[in-house]
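Here chain A shows up in two complexes: once beside chain B, once beside chain C.
On to the complex of A and B.
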């Protein structure tokens, strides 16, 4: 077997054959592609393969090491889950776009140089937007366009920064870069967009809830985690990231509490979880980097599971708004159960995946003496249980019975959720399997009595706070509404100020135009008037008046001459 | 689809029972904390029941602040479509 063949092409080229196949053959083929690619990865040796010479530069299409392999594995698991989850969908465009998008994300993960990375980076944007447009509604179309612009801009920053970095260092290799040079700083902005840094984040909440029920599951797995991968590769130990991540972990949870669209709540909680990973990369110790990538691995699975459960609700009821749902556990008991597993995992309950991954980042922060960061992350841990762990299952499946009676989710959706739930529990119960493939060897032990007791305290009392606030009626009800976020600046403020400017310019043009017009007309009229008989220009003047004026001039001259 | 079955959670006394049970578990966990020796890198965290208090008040503050944020941030659902 040649390791030179880029694993990404198995999915990307494989996707091209999808439209040619029909029925169950197509279904089997879709399932086989990620399985084949996974087998390929298992057999791949470490090293730099697929080297191509281009314009005097060496491009590395397959850089296989522990970091890229870990993301490759989990991306392929997510691809398989999303294929199973979407088996009932008869939309060829979505099937092809999902596979190409997953393939490009995997290609970017294995890219050993900046050019290859950039190409795959932009291709993920172009292929993923199809999953948003596939909703085929006006609002999805506009949200997709905004998403595409933001994603392509991210690529432009990456390209500009990459080229500056190349000129400064003479190397296109994608390794540790740092923010000391302009090129490194620009690349960080590009990667920051994908990681949803504060103020660069809102494409996530804007676009993901607009995609199809199955599309959001695919979207949730790749783009942001590709950002985290790139961050871990290029900026480990960059102190600024600790503060960015701390902020990211905290502010979205306030939004999540008051947001009505439950898929948007999940998008906010995604932002919050990415914050933990960014902090981990920023701390940069072996434990912290291990924690960041392990948490990315776990997050892909439990976030996919949560989005799958909400997608099933959307498919069956036509809405995921907290204000319209409630009591669905009666109609969709299995979906409810799987959703609770996802909720327990993201909330880091002992025996679920989040517990064994997030705690590595918390420990790294505490060991580093980062008190503020640690306290904020602990606040965010309580908050994530509150808004994702409780709010999502509670308002969708319990709460007051909204009277909706529907069928349970289709079997393929349940199967995908079951596999994801099994993986979430599997990682939580047997963390050694995940720890064994982390970038650094680790002896971290998540299951100490102290850790289990304190984590349970945190979670139980967060739940009690929710219950007390609910029973006293203080908890804000779910309302049909939207909440302003940073997208307001480009969706409302920027167009409004552009309109204002263009109106001002038009008014100025109008006013200026009429002023100039009026003046010109008057000069022309005057000139025409003076050219007529008796006009000043054509009048004949007596000689005497000229003599008079000459005399006046001479007199004036004399006066000036003697006075000086 | 018609569904006339009655569910255990539909009865409010059962919900109240769950609620009280949760308090019991919480109190038990804090009591357990007295007997567990923990090694915390952050001094404040070694206080008995620190995580319980922090979790409870973090969530109350979170909700109260978020509720106030609604006054500033909330708009009608069709805000962007108008």
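On to the complex of A and C.
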């Protein structure tokens, strides 16, 4: 196959044939597509290929270098995992949408120019929303619509910024752009939406938990990481990103601990992990970029693993509410095990993938002398251990026994989780393989005494705090547990202030929610009135009034012509 | 090759003769064959003329060998050949569809009349595009309009009569204004030949009579092309006309009016006069922006798919006139290419809607709920057309908007570029109405046990759906012609 053939099309065009196949043939075909694309990538030479002329511009459909290849690999691994995980699903729409979505994300990663990027950018939005709507519930339909609007807006920002950039520089190449020009700033906003920057992040927690059990796994892999990729490509070393990322890593912790829906907790923790990557991109040294990219790689895998385990729970029990679950380890021992591997990875336990990648970012922050950032990231690490590392497995599988007795997850789900778990451990134990494909050559050594001891201290004290709270019988722990992180964080401040803080956040959330609800309801009522035949916008006009308009126009033209 | 020499005349005469022939045979089937054959012959002639003028040549044909400016002249240049191609291609695609479609919508006894009227309407539209004579243009305008009223009145809903009557009144006012404008010009210049008129008008352009003529022509043609706020006849006419008529008129009638407007502005009055001396660009800009936003908004509140698309047409016409108001080569290119692409899109959309109407028995959104499960191809086609209306890259609707944005940026008008993008978001809103209805609702009771529309209906519609994608990716025909015509107009219009 020629190097000019865009690898994305293997998935996108391949997906179109899915509805024609049935049964096991379709299953094999679905598995083959990402494998074929992966094989193609392994053989791909570096360079810019697939150049086509459109509207007088040269588009580069395949820009292959170390950065795009790395994301290409992990996107394809995630695609394969999600296909395996969803093999039992009989919904053709979801299967096609997942593949097209994955294909578009990969297409965007290999886009060498802004137009191609924009097209794939918008296509990912359109194809991914189908996975949310596939839940076919009212709330999913609404959340999906909000998601789509936000994602399309992000594309609009990208387009507007790209056009400005093009006019200013005359180049459409998708390379380092920077925020010095208006175009660059607008593009950063567009990319920031995908990365879920603070204040631009709400779509994530809103939409991901509404998708189908399998859909969330697919969603978690691509959209935000595509944002990170674009950021690493266009804005390395932009100082503002350090602060954005720091904030991103810290603030979701508060939300995550008071949240009861475990998939939503994961969505918040996603935000927090993305913060680490954004900080990495913002620092912009070779080590930092390596760290950000490597962490994206690892995050796709362990986040997929966690979402898969929660998806399995949702499939078997019909709920992922922390307060309704508990004691599931008896029924779903394998899922429990895999979930713990994912939790250990996201918490950056030594020998798990998160450790070897996150510590690169931490080291880069320390090397750059960014004390505040380093401290906040440390706090965020502890927080993530609390809400993703302990809270998720604890409330779902242990805690008080909710009395639910169900079957273990389907075999295909277990297989997908097993592969993901193996990868998580594999990267943690043998980081050299991942380091070898990073954008910059690195001799980074994660397993130094300092790193391991710091991390273990952090984890042990965090776990200790959790254990103490549980043992002292502060129950139910959902809301109380807020104090756990904030306690740890505000060691010097009064614990009460933390409690106040979390309450205020909850109250604000509530108030904001009801305000939005009220507004929406009023607009809908108004719109419904407009749809009735007597509505001002709908009714037909009598001929007389049309004629009046004709006269007005004629007079208007005459007056204006004569007076000019 | 004497036949090739007479191509400009044949272009109009073939469909014209097919009309009385269709009446003479008095059989639906035969009438169908005659008119379809005539439309294909017209398409062949249009392609030949388009090829002949592709290098920028102008063909002048003296009707009855009376040399212009005394006789009637047919004049084919890049612009008119582009419009001829558009009109005759639409007719050639729509007519095969018509047979199966009117089977369900028009009483059998009236079929031959339908074909005769269709042939006349086609004749009129082609005539407007080809003639180089102002009064002849008026005659063709009336031919196409009068036959258009009849075609609309054939709709099975009784409200079609009222809609056609209203259109008749408004259309006649428009035509009257047009002929008043032409009359004033004749009075001032003593000629009806457009090229001759352009030469003689130079010295007296500033006179009040010429200004009045321009005002009457502008308002009269604006009415025919449904420029906001003179669009109010359009929604009812499109909604209640038979499906195939809606598709044909939506794709061609307003587009030919735009052609006429451009012809008068650039080839008669002159670009430097109309756009630089007079406040016309400003007025047109305001109307266009209003159309883009108001009509899109109104479209989002419609309960009938045909009506919704009719309002969308009004807003899309806003894009076309917006490009016109820029008065730059890129702006004019945007107008012309969007005129072409919107014709493809809207023609295809209304054909698909016709498929849905044939199965569901109505075009109200309530009746079409759950359509996607019963008619996946049709629903997909409508969504594809919707994407093109929004201007999603890869569909033909994108090209025009892209050029609109380029032209706006070229003039440094960031606001206008943003307006184009924002109003496209409104298009998302009204397209969404259909998606929501068709894909996320339970099928309507009348759809139970129904299947996809027959191939005779589906094939032409799918052909246009393919065209939406084709012209979104391969733009040498549409954009090439539009850009060529724009350069030509700007050059001669000084």
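Definition applied: the second predicted complex is superposed on the first by the 472 of 564 C-alpha atoms of A that agree within 3 Å, B and C clash if a C-alpha of one lies under 4 Å from a C-alpha of the other, contacts with A are read in each partner's own complex, and residues count from 1 in each chain.
Heads up, the rule we're going with is that a residue touches a chain if its C-beta (ideal position, glycine included) is under 8 Å from a C-beta of that chain, and two chains touch if they have at least 3 such contacts.
Predicted model, so just to flag it, every value in this text is computed and none were measured.
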Exercise. Who wins on chain A residues touched, chain B or chain C?
Worked result: B
For this session: Go through the superposed model and pick first if A:450 touches only chain B, second if only chain C, both, or neither.
Result: first
Problem set entry | Which superposed partner A:464 touches (first chain B, second chain C, both, neither) | first
For this session: May I ask you to decide whether A:141 touches chain B, chain C, both, or neither, giving the answer as first, second, both or neither?
Result: second
Exercise. Touching A:351, do we find chain B (first), chain C (second), both, or neither?
Worked result: neither
For this session: Could you tell me if A:549 is touching chain B, chain C, both of them or neither one (first, second, both, neither)?
Result: second
For this session: Note which residues of chain A are touching chain C in the complex, please.
Result: 55, 115, 118-119, 122, 133, 136, 141, 145, 152, 156, 159-160, 163, 167, 527, 530-531, 535, 537-538, 540-541, 543, 545-547, 549-550, 553-554, 556-558, 560-562, 564
Exercise. So in the complex, which bits of chain B are touching chain A?
Worked result: 1-3, 5, 7, 9-10, 19, 22-23, 25-26, 29-30, 32-33, 36-42, 45, 49-60, 62-67, 69-70, 72-77, 79-81
Exercise. For chain A, which residues are in contact with chain B within the complex?
Worked result: 139, 253-255, 257-258, 329-331, 363, 366-367, 369, 371, 374, 378-379, 382-383, 386, 398, 401, 405-407, 449-450, 453-469, 471, 474-476, 479-485, 491-492
For this session: Can you check the complex and tell me which residues of chain C touch chain A?
Result: 166, 169-170, 173-174, 177, 208, 211-212, 214-216, 218-219, 222-223, 229-230, 232-233, 235-236, 277-279, 283, 297-298, 301-303, 392-394, 399, 402, 405, 409, 417-418, 421, 425, 428, 432, 440, 475
